[in-house]
Every structure is written in structure tokens, then in C-alpha cells.
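Heads up, the next two complexes both have subunit A, just with different partners, subunit B and then subunit C.
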Partner chain A sequence: MSDERDTPLSMRGAGRMFRELGRKLAQGEAGPLLVLLMVAAIWTFFQFQNDRFLSPGNLTNLMLQQSAVATISIGIVLILLLGEIDLSVGAVSGFCASVMAVLIVNNHLPPALAALAALVLGAAVGLFNGFMVTRFRIPSFVVTLAGSLTLVGLQLYVLGETGTINLADSFVTRLTSTFFPPLIGWAVAVLAILLTLAFALTGRARRARAGLAVGPLWSLLVGVGVIGAAFLALVAVVNQDRGLPLVVVIVFGLALAFAYVTERTRFGRHMFAVGGNAEAARRAGIKIDHVRLMVFVLGSTLAAAGGVLAASRLTAVNQSSGGSDLLLMAIAGPVIAGTSLFGGRGTVWSAILGAVVIGSIANGMDLLSYSSSVKFIVTGAVLITAVTIESVTRMRRRGTIE
Partner chain B sequence: MHGRRALRWFGATALVVSMLMVLTGCSTPASTGGGATTTGTAGGSTGPLKIALLLPETKTARYETQDRPLFEAKVKELAPDAQILYSNANQDSAQQQSQADAALTNGAQVLVLDPVDSAAAASIVTKAKAKNVPVISYDRLILNADVDYYVSFDNEQVGKLQGQALLDKITKDGNLGKTIVMINGAPTDNNAKLFKAGAHSVLDGKVKIGAEYDTPDWSPDKAQTEMDQAITKLGKTGFVAVYCANDGTAGGAIAAMKGAGIDPKTRPVTGQDAELAGIQRILLGEQYMTIYKAIKQEASTAAELAVGLGKGTGVPSSMTLSKVNNGKIDVPSVLLTPVPVTADTIKSTVVADGFWTTQQILNTPALVAAGKLVGLQ
Partner chain C sequence: MTPAPDGPSATGTTSYLLSLKGVSKAFGANQALSGVDFEVGAGEVVALVGDNGAGKSTLVKAIAGVQLCDEGTIYFNGQVVKISSPQDATALGIATVYQDLALCDNLDVVANLYLGRELFAKGAARGAFFLDETAMEQSSLKLLQSLAVTTIKDVREPVGSLSGGQRQAVAIARSLLGEPSVVLLDEPTAALGVSQTEQVLGLIHELRKRGLGVVIISHNLENVFAVADRIVVLRLGRRSATFDVRGVSREDVVSAITGAEFGLGASIRKESA
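Up next is the complex of A and B:
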């Protein structure tokens, strides 16, 4: 078996590869691939309806529209990996952004400092949630649900009687209105490819050192090649419009950083261990409460960061910031892209992919000016379909293993 | 074991999330805090005049910061020893039912009711009628019930005023017959339907509507995405103006135009509510107009009417009544006229009324400079 894998790509090898791919798809092991197929289907549909859907301008819009929710979703993934839930992320994002706006406009604090204050405030909320969960053993969704009500109240309080607060052009608004010139865009893409390659190679080396089976080098290079091509295509597309948005670099940077944390660090392994089986993790000597506390802090900090990005895009904060269906979408995104609601399984990238799926549907339907009734029905139907597919493939895998 | 735990989690999460959707997703979002409070001193039914003021929610700034104090001030002016039983239903119609029961039990002689749910509030009216207590439907019309009076702004008129202001500006710019974008309010809000109908009655046939959206929850973020997509659909030069139903959605649409590299000063945008943020955008030239509904006038009118009914002196002679059908009867109504506000009239409207102070409006150097041009300083 391993001999055959090492032979160069032959007809027989290709056939095997496709069969293997089919099996993986059917059993949900090729999570990202399934989601990418879904994205392809959605994009094809909308492109046929309106040929401006895949235009550089619209794809850039899609990225800007989804940057806040993708950021919040990264935090949600970390929390879901533990088998916990945080229902306060929407409220945290709205509240922290409101505090930031008040600090900038009413207290004349430098915008960068105010944004930092928002992140610190988010971390503090996460610390409180984590403390309640670990110290008093209150289920996380009760703590965070109660917390979110309090935060909505606090948001109304800090916004006071004026309600909406406009943000003038500043560090904060430039987070989502800065676009890099083409050359820098290409440079960032090359850097991203090198980082991906290094990530893959060191991962392979670690497996080899640990005496685990490693795939052939060519398959790794093909993988990195595909991802690299995607990066280059992305930059080629955005360069035709306004250029590579700063916020896309920020969101990808965050995703990369947290992918590293979850997949390569001791802390990340502990997260998976706690999420998979907390009791086993505890007996293995992992300080599970410490892990939980830290993850709640990270989740809320990322929610605050999402709130800052949302405020930056709207150039304003109001009573409904962080409200509406933001929370639902932030949780649904990673889940439809393969992160389990029950802990121990998922990747940070599902946050990005999920945001792309949900964002594409909303973006496309707005482009076609669908009525609200159609929009609600379609969004709901797509969400339930996606989760069903995810669930069915998971059941099949379990069936084959046991 | 795992499966059952999983199922429980899923069910609970779904339940909680749907609760949150209901809580936060309504057209006029709900919130925490509030609850029933009373002002004045307690007294028996033979004591001083008791008026119940039942407001629907606390998330929109107006109810707690404008309606309630203005109403109370006017009542105190007309009847110094009157007692006001105030409660706020936090967007929960069941809670409003209990609050109305409590007010009637406490001996309220007049109910001034701004219903959470226009249809469900009919049962409150029935209970009040059984005790011979008159009901004033405040701001929102209570449907299919024997309501005594209705005090509100003419909401279809709001849409007409927005449409007319936009049409006048489009005509002045020489753009009649060209394409505009329409961003309406929440599809679940009856008032939003009236604004939309009013605007269409003026604009249809005079301009082309290139893209039109209803904005769930009146969410500015959603309005921004809608406008992004309208620009993608029509092109950056494919529209000459934007109808937005309120200032929140206008803010979203203007942010979308800025994001696409369009100078919002070149595309007139409408609004409503005279929000501080909206007034500031108008000063800076980014938004063309807003609609100012003088809540002071609305609250004072309701207060005068309530005191008149409570004392048995009837409707003040200064009020002109029209009829609005609520599905059961023609309700005698005081319909107030909303006022359009552009940069030139900020001083004579919202500032003159004390709705916003000059200090509140001019909080950045750019606004101070813009304010000087229209005599605000």
C-alpha cells in the first residue's frame, strides 16, 4: 500500500486517488472540499442569474461584507472545539464597538487606543464568562446568554440618548477602507504561499520525526500548489478592482495564527483533548479549567475585534450593532463548514469558509433584489441542507469505523 | 450517551438562538431593563387623577428619553396633582397585557397605550372598556377595537414627504426619469409599509427604480450590504439618488457609497427620525434630508387629551380631529404633520425645539465648520 503511494502518478494511481476522494467525500473527511463544492454551486447559480456576481468589484464587496462575521467565527470555532458555546459574541461585538465609538467621539481618545480598549474589554468579558463556567460549573450557554442580555443593556446605556454615533475618518475606519497597490498585493500572496509551504513542510517533518506515516512529497506540493494558486487568483481578482483590502490580510492573518495555535502548539492539542473527552484530558494531567478560561478570553476578544471591523465598515455604531442575525450567522458558518457543535472536531478555516458560503448567498440574493420572504426561506433552506449533509457524512464515518 | 448529549445541546442551542432572534430581531428591537414604575404618590380611586402611560420598548432611544418625560411634563402642567402610572413592555406584548391589568387594578382613569402588537392590544381595550376607562392609542394604531382616540404622525405622509423632497432635488439636478435605489424599512413593521406606499405614490412614474429592498430589523449593516449590491447591479454611475426609509438605513447606504468610491454628496439620500447621526451627515452634505417628527408635539397632544378625558372636560377645542379606520370603527384621530429637515432648516427645527443642542451636533471640527455655513455655532 505505501509502496504504491510512493510510485509516481500513474493511471492506476489516479483511479485510486479518485476512489479515495469519493470515499472521503462520502464520509465527510474531505470537509473543506465539500464546502468548496457548495460554494462553487452557489457561485455558478448566481453568476448565471447576473453576470456581475463574479466581477472583481462584487467579490471584493463579499470579502468586506463578511470580514466581521468571519473574525467572530474564528473565536466561535475555538469555543466549539471545547464543546462549549458562547451566545454572547454578538452582544460583545456590539458593546465593545460602542465603547470604542464613545471613547473616540465623546472622550476624544486616539482611535487606535480606543480600538485596543475595545479588545481589552472583550477579553475581560471572556474572562468573566470563563470564570463563571470553570469556577461555578454553570453551563456556558446559560452564562453567555445571561451575559449577552446584560451587554445589550450596557450597549444601550453607553450609547445614551443619541443612539447612533458616526465615526469620522480615522485609524478605525481605515481598517476596512484601505486597499494595497497591486505590487504589495502580489508580495503578500507570495509571502502567504511561502508561509503555507513552511507550515506544511514542518508539519510533515514533525510527523516523520514522531514515526508517523507521511504522504509522498509530491502530494504535499500539489496541495500547497492548489492553495497557492487560490491566493494568486484572489490577488489577481482584487487587483482588478480596488486592490487587496487590508481587512482581508487581517482576517487571514488571524486565521493563520489560530490555525497554528490549534494545530501546532501544546495548548492547541489540549483544546482538542478537552473537547474530545474532558474527563480523559483531566486524568491525563491537562489543566482543563485553564484551557477553558483561556479559550473564552480568546473567543470574546475575537468577537470584540469583529465588532471593531463591523463599526469600521459602517463608519458608525448604533443600538442594533451586534444584533440581528449576527450571532446566528457567526455560529452557523463554522458548523456548515464542518466544525462540530459537540467539541473536539473542526478547523479554524471553517470560520472563513462558512462566512464565504453564508455571505455568498446573502450577497447574491441582494444583487438580484430578491424579496425578504425569499431571502429568509432560501437562507434557512441552505443552512439546514448544509448541516444535514455534514451530519449524514459524519454518521457514515462512524458507521464504517465501529 | 454522546448522541443524547449532542441532541440536547442542539435542541437547546436552537431554542436559545431562536429566542434571541425573537428578542433582538423585531422591527423595533427589544432590550433589557425597564419594567413598571410609578411616579407620584399612591392614592385611592377617589384621589387625584390617575393616567396610565404604557410604552412598548426601551431600545429605541425616544420612548425613555423623549416620550415619557415630555408626556409627564405636560400632564403636570395641566393637572399638577395628577399621578402617572408608567410602564414599559420591553417589546413583549404579554408583558404589556399584565402591565395594563396592573394599571387598571391601580385605578387608572385613562389609558394611553402605545401597543407592542397592534392587533393583540385589542384585548386590553376590551378590559378597559369593561371598566369604563377610555383608551388613547398612542403613536401606533390599535386594530379592531373600540379605541377612543388615536394620536400619531401621518405615516403615509412621511413617505410622501420623503419621496417629494427627493423628487424635487432630482428635478433640480436635471435627473428626472433616471434610476434610483429604494431601501425600505423592516418587512414586519406596519409603519414601514406606510412609508413605502407613500414614497411610491410620489416617485412611481417619475423615476425608474433600479433596485428595491426591504431591510430586516431596519438594520444599518444590512442596508449597507443591500446598497453594495445595488451599486454592483447598476454600476457606479447607474443611479442618481437613494430613497432610504430612516436615518439608520441611510447611514448604511452612505457607507456603501463611500466604500465604492462614490461621493455621497453627488447622490441625494433621504432619511427619517432626525437622529443625531443623521443630522450630522446632513450638515456634512452626505445625506440630503431627514424627517423630523416632533415627539414633543405628539406627547403633549396625548397628555392634553388624556387630562381632558380624565377630568371629564372632553377634547380640547384647539384640536382638529380626523378619522382613521382601525378595522372595526372610525377612530377620532389627531394626525400630526411631520417636518422635512435639510441643512438649511436644522436650526429652525430640531435645534429650535431643543431636540438636539448645537453642542451635541457640532462635536468635530469638520461639523463646526459645516455648521457655520448654515448659521449653527
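Up next is the complex of A and C:
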């Protein structure tokens, strides 16, 4: 409290920080740290097996490969925060991308407009799912499972007999094939660092002015320093290859926007409340069905956006777009990175981190030319391990309550 | 059966913050409440006691607007009012803290206090729906301080990691943010340890000091005697007795609750005279 701001603040602050860190690790709230350790282990392992793994070219490929999954995962995080599930995101991404391709190639719509139409279509699917869940109290599991089947059928229908539509056009394919020149990459990194610093400092100053406890300045600077170093390292790596990919900026921007929505706005606060204790949220006057409906809309819209990015990367849409393991990877990623399946706990960043973990495993195994069978087995093992850790820490957290 | 208690006038509607006259409620053939009067004044703690099924919850639900009563009149500040929804009760200034507390364990103390009434930042940040965490934390600290809640060290701690007494304190503090004049507490000390119970009782004293009318439902007579000014006993849907805590023994209250013959002492005879 306020009197703790007085003299030996930085010392006490450091001690408290470490104790806090220990508690968070034990109770599973230090998700990002654990995941970063996991990423480090995976990267070290593959780098020893094949020294091309950490090459700029391969890391850039990793980013391009995972941009679609990461985007879909952001939507999954929003839905998991409510304690709901959406099993239709894979099918939504494939169907919306198919409709976009049909509009571009068969109906000669401007590509940007067709991409927008895909997003609107995604939103409409989400509205339907949300309506079924809130109006008829059908579990989201069932609604979205049924929706998924329907959408796969619709995708086959709109793709027609050939089953594949190639996208030769520029706008959509450029989303994942545009790279910024080195100088712009550096500028973006520096701008991001300055904004992070400014945001952290003004927030701290506001708290200090209000007489609230603030952490020591050095810990803030260390935090910004670590993030800044990560930005610079990223740009340094991609600049050795083709440059900063546009799609990385897009995905990062989406994550930033939704991190803001979930953590800094009233709507985000209400999402956490509904996921934590829906009855308490209802009694506090929160319109919980509106929140649910809105989140299903956002989740499906992001799934459609992921579908557009996947189509861009493939420069085509086919019958298996949005199929295969896309849905499972999109859900497994955030869960591996610490977002709870039971609602109320998690961050948007877990979507990015999870996509990196899963992408690294898949990419590394491809480099070592393992078969898909091994890939699936290993990814499954990582998922079950991560979920077990989450569950154990959750039980420990419960233990502190009762 | 239940004439005006030790209130100053025959009607008693003007001097009390909240009073109910002749409240009845039936669930099918089961008469949960029959012609019950109830009242609480400013700066007064009234304990509502009775055996299971005596009608305590039904009465509180009627006041909280959760469940409407079949008959009876409710006066608030001497005016006849109609409470037909929880929102009506809140608008009048009646806050209810239910036994399950309705807290979100995953959110911190500040977020729980301001749940559903979050503050926005001013100016340009308002356009971005930016929550004013600083202002909320500041006034949360002030609120807890004013209630002499010293056990919550960190208001950024998730509520799930707080003790039962601290959670109760958060729930009570939250009910005060709407600036109510009457607070209903449902079993505030149930399932709490000794020191935690002390904290909560201290909090109730604090509410009285603020001039609020406090109604507590409790099975724990020890706590009732420690904190209440008046004890209203319900038995089988009727108000069977009213006691001033000074000059009444636990035995008298227990016999009023159970309806035991031997306990019909002076205070009860006085009432039904």
C-alpha cells in the first residue's frame, strides 16, 4: 500500500518480485515464462539435430507458416476465456476462404472486397453459433461441432467439381509474400520499443501521482529492455533473409489489439468475469449473453481472417483448406501456452506463443524428415503434458482457497 | 401476534429506514410467511433468526426483490414502495450480500469491487474504452481503509487466493459502492474461523457506525449477540418475538426460536400483551 513506497523500495520490490515469481510458477500463472523455456528447449534440441533450424530463412518460414494458426488461435483464446469452445474455427476458415476465392476468380470481385466479404461471412457464422448457445442453451461444443460439419459440406459445394481454386491475384497473395526492406524493419522495431516504454512509463507515472504503489524503475526498464531486445533480435534475423514479413506485422497488430480489448477495456473485464463466475457476473448487472454472442462473432471473424492468410500462403484454396489438423493446432497452441480450458484465465499472447511452440515442433521435424506419424505423436505428447501441468497447478490454486 | 415493537409510534413507518407490514407469502399449500412485520432503522443492526424453514430467506428475498410477496406493504423512509426486482431494491438503496458472495475468483479485488460499474478514463482514452485502473485502485484502497479492513494487503491479488473472511469483506465492501442505506447480509459468518469471524463482525460494527441499517441472517447466536441491537425471531412463518439484546438471555431467544413452553419469559409476554 501507499506507505510501502517510502525508503527501501527497490530492495523490497526485488524480493517481492522473486517471491511473486515463485508463487506464479507454482500456481501456473507464469505461463509466458514456462512457455519461453519450452521454446528454448525445443529450439536447442532441433538446432543440435540440424543447424539449419535456427537459420534466418527457416525462422522466417516458421513465421509465415504459423501466421494463419496464430490468427485463429487469438479467436480461440477469446472463446476459451469465457469457458466455451469453438470447434468450427477450422471449417470457418476453409469455408470463408473458399467463398473469397470463388468471389475473386468466378465473380471477378475486387480481391480486397472479397477478403472483406470472407470476414463478414465469418462474423455471420459466429453470430449464428452465439445465438444458438445463448438463446437455446445448447453447449457450444455441440453447436460448433454441428456447424463444422455443415461448413465443410458448404465448402465442398462452393468449390465445385475441380475442388481447387488458384489465387493468382495480387492483394491476397501479397499478404504473406510482402517483406519490408531492412530499414523499415528497424524503424518498426524502434517504434514498437518506444511505444512500449512510453506506455509503461506513463502508466507508472499515473499510479505514482495517485499515490499508489509502483514497482522499482529498474524492473520496468529491465522488462522493456527484454521486450525491446526480442524485437531487435527478430528484426535482425528476418533482415538477414527476406526482411520483416507484412503478415508478422498483421498478426502482431491483431494480438496487440485483442490484448488491449481483453485487458484494458470494460468488455474484456466482463469476458473474464463471465469465464470466472457467470452467475456473479450476471448479478453484477453484466449482460452475459451479449458478451458471449460478441465473443463468438469475434472468434469466427478471426477464424475467417486466418483462412484468408492460409489461402494467401498457399496461393490457392482447396478441399482440404481449413481441414486436417488446423483446428486441433489452433486450440492446442493457446492451451500449451497457459490459457485455461475452464474459462477466466489466459492471455491473447498465448495464441502467438502456442503457435510458435507447435510450429517449431512441426517445422523441426520436417527438417529432420520425420514422418507425419511421429509429428502427430510428439505434438500430442506436448499437449497432454502442458494440460497436465495446467491441471495440477489449478488444483494447487484451489488448495489455497479451501 | 406481532404488534409494533419497541418503536416510538403505533405505525412505526416514519421512524424506520425500512419497514414491512403484514407480509405474506405462500408456496402452494405451504404458508412461508403470514402477516410478518419487520423493520430496521438507520445505524441499527437487526438480526433475523429462526429455525430452518422459519421464513428468514423468504423475507430477505422479498426485501431484495428476488421473490415477490403475495401480500403486505413495504415502506422505505416512510414512503410506500414497490420492490418487484433486484434492480428496484438496488435503486432504493438496499444492498444484499448473499451467502455465496458472488465473487469472480479469477479477478483481483479491485476488479471484483467494480464489477459491472467499472470506471473509464477521461478524455481521449475514453474513446478507446480504456479502464481507469488507477482511480479504481485508489478508491478501492480508500473504501477498504474506511471500513478498517486491514487484512487485505494487496488489492491486485486474485480474490481466489483470499481467505473466507477477506472474501466476505470484499463482498460487503462491494455492496457499499452503490451507496446503499440498508445492507442485508445472509449468513455472513457461516464457515468462518474465529479470527475471521471477528473481522467480519468488526466490519458490521463499522457499517452501523456509518449509519446504515443492517439486517443479518444468522444461525450463530453468539455472533448475533456480539453484533446486533435487536433480534427478530421468526417461527413457522410468523414473527414470534422481538428482543433487545441488552437484557435478554440466549435461552429466551432459543426458546422463541424453538417455541419451547418453558422459555416463554417476561419479554415475550410483554410483546403479546
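By definition in this document, the second predicted complex is superposed on the first by the 356 of 402 C-alpha atoms of A that agree within 3 Å, B and C clash if a C-alpha of one lies under 4 Å from a C-alpha of the other, contacts with A are read in each partner's own complex, and residues count from 1 in each chain.
Everything below uses one rule, namely that a residue touches a chain if its C-beta (ideal position, glycine included) is under 8 Å from a C-beta of that chain, and two chains touch if they have at least 3 such contacts.
Remember, predicted model here, so these are calculated numbers, not experimental data.
By the touch criterion defined above, A:I85 reaches subunit B but does not reach subunit C.
Contacts of A:F272 after superposition on the shared chain: subunit C is touched, whereas subunit B is not. Measured by the number of subunit A residues touched, the leading partner among subunit B and subunit C is B.
By the document's definition of touching, of the two partners only subunit C reaches A:A281; subunit B does not.
Contacts of A:S369 after superposition on the shared chain: subunit B is touched, whereas subunit C is not. Once chain A of one complex is fitted onto chain A of the other, the partner contacts of A:H290 are absent, as it touches neither subunit B nor subunit C. In the superposed model, A:G153 makes contact with subunit B only, not with subunit C. In the superposed model, A:L64 lies in contact with subunit B only, and not with subunit C. No residue of subunit A touches both subunit B in one complex and subunit C in the other. Contact residues on subunit A toward subunit C in their complex (touch as defined above): 1-2, 206-207, 210-212, 260, 264-267, 269, 272-273, 275-277, 279-281, 283-286, 344-345, 397, 400-401. Every residue of subunit C that touches subunit A in the complex is listed here, in rising order: 86, 101-107, 111, 115-118, 120, 128-131, 134-135, 137-138, 141, 153, 160-161.
On subunit B, the positions that touch subunit A within their shared complex are 2, 5-6, 9-10, 12-13, 16-17, 20-21, 24-25, 29, 31-33, 58-61, 65, 187, 211-214, 216-222, 224-226, 228-230, 232-233, 247-248, 251-252, 255, 258-261, 275-278, 280-281, 360, 363-364, 366.
Interface residues of subunit A, counted against subunit B in their complex, comprise 50, 52, 55, 57-58, 61, 64-65, 85, 87, 90, 105-106, 141, 145, 148-150, 152-153, 156, 159-166, 168, 176-177, 242, 310, 313-316, 318-321, 323-328, 331, 341-342, 362-363, 366-367, 369, 371-373, 375-376.
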